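Every chain is named by a letter (A, B, C and D) in the order it is written, and numbering of its residues begins at 1.
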Amino acid sequence: MASPHTIQLRVYYQDTDAGGVVFHGQYFAFMERARTEMLNALGYDLARFAESQGILFMVHSLAATFHAPARLNEIISVSAEVARMRRASLEFRQRVERGRELLVEAEVTLALVDRVRLKPARMPQELRNALDPS
Amino acid sequence: MASPHTIQLRVYYQDTDAGGVVFHGQYFAFMERARTEMLNALGYDLARFAESQGILFMVHSLAATFHAPARLNEIISVSAEVARMRRASLEFRQRVERGRELLVEAEVTLALVDRVRLKPARMPQELRNALDPS
Amino acid sequence: MASPHTIQLRVYYQDTDAGGVVFHGQYFAFMERARTEMLNALGYDLARFAESQGILFMVHSLAATFHAPARLNEIISVSAEVARMRRASLEFRQRVERGRELLVEAEVTLALVDRVRLKPARMPQELRNALDPS
Amino acid sequence: MASPHTIQLRVYYQDTDAGGVVFHGQYFAFMERARTEMLNALGYDLARFAESQGILFMVHSLAATFHAPARLNEIISVSAEVARMRRASLEFRQRVERGRELLVEAEVTLALVDRVRLKPARMPQELRNALDPS
């Protein structure tokens, strides 16, 4: 599989809630940023992919554990790694860390779906090769 | 003009930030809810309108003043009122209140734009009549 | 256990993404609304609870499956039901439905934590009784 | 005044809506990122500032014009520049650009407020000097 892709980001007020920490749903937005940057680094622009291939990536399922919260103005890293590829889906393993401390971990499964009918679509071979160059 | 339309909503954690109050950008989401409900009450479903007429409502400009913040779990009211109609735009006056206390006020101008080219589109006469039944 | 609590809500532009459907992370915000309304209906205002008892509810883990997407301007229902109670945590079963169609289902576990130290806090007996009146 | 501070960012699905472009309220989140990075670059960590000085920066008013929309996966730049300083407030001029094309421009006025009472607080001389080194 392609090696993990990691981005750094800062926590802003917009990401936090009145508990003083990042709102739990916001970590899924952070994780989407890491997946998108991973695909961009491999040459896959999701917007153009939707246009040219008529295929959307939709989140099909996810499971997450929140170990410790990130706080305002901290710099955190968010990684994405392909854990498994199937005919019409992709499973990512993702981690949010502050330095060496694991804050959140998740498994996120994306389904490739036909843009118009929203039915499963087969993963193009070219994308398969990019994600698993071995 | 059609009379003002008011919705009630509760402030949840998702709406607040680490300052303990509603994140300022979130009031624009609240205001969008009030505008949408106003249009729905007049028989205008924005999603179908985009489909059938090929017209989107896009925010063209806005000005807002934040007088006092809303806090977690409070019930607030958000109103929308058409202040002016032009060939291809609509100006709304909007208020966020907690009881009788004015929290935020704004003027929000929407442009009607062609969905594909994103160029100005003329307001359909039927919508004009619904918004200004006088 | 207390009976399930269900709220109705409309999908606005703010909830959707360029795929034309609700952004996956946004369902967790919808689910938080249902949990909060359930607690309010039982007499628990989370904001005052945090003040008076010094206890926050933080999401500890969750697992969700997305069966079908909600779209712009649709009315959906979101339910919350306590599936299990432990010393310092609460597990909710949650469903998002459009009419009788199940769109999203999730299990969301909240930990009660001391507001200052962010360490586990024991659930007050009174809350325990409210959630499980049997 | 301190020179303008500019950040680059990518547009993700989370930032867009069913219109296929960035949701209007989201630009205010982008602008907050630019202001925060500007202050961090000058040595001001807003989280610590709130702790040590008991002062929050709250948005008091803003006015924005949306000239053209940003789209999925585009890289845009967002700048912040102090336009005016008063005893207890700061006015920023902000621009969102895609290459040389101006997408959004705004004036955002922040009030410095006492964290506990939410009343106006005087700007510390040190911050004043950092923002206007002339």
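Methods note: contacts are C-beta pairs under 8 Å (C-beta built on N, C-alpha and C of every residue); 3 or more make two chains touch, one makes a residue touch a chain.
None of the values given here were measured: they were computed from a predicted structure.
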Same-interface partner of B-D, chosen from the options A-C, B-C or A-D, over half of the pairs matching: A-C
Taking each chain's C-alpha mean as its centre, the one farthest from subunit A: B
Selected interface, A-C versus A-B, where C-beta contact pairs are more numerous: A-C
Subunit A and subunit D, separation of their C-alpha mean positions in angstrom: 27
Subunit A and subunit B, separation of their C-alpha mean positions in angstrom: 32
Distance between chain centroids, defined by C-alpha means - subunit A, subunit C (Å): 23
For subunit D, residues that touch 2 or more chains besides their own: 13-14, 18-19, 21, 25, 29, 32, 47, 71-72
Of all residues in subunit D, those that touch subunit A in their complex: 10, 12-14, 29, 32-33, 36-37, 40, 45-48, 71-73
Complex contacts: residues of subunit C adjacent to subunit D: 13-14, 16-21, 23, 25, 71-72
In the complex with subunit A, residue positions of subunit C that touch it: 18-19, 21, 24-26, 28-29, 32, 47, 50, 56, 58-66, 68-69, 118
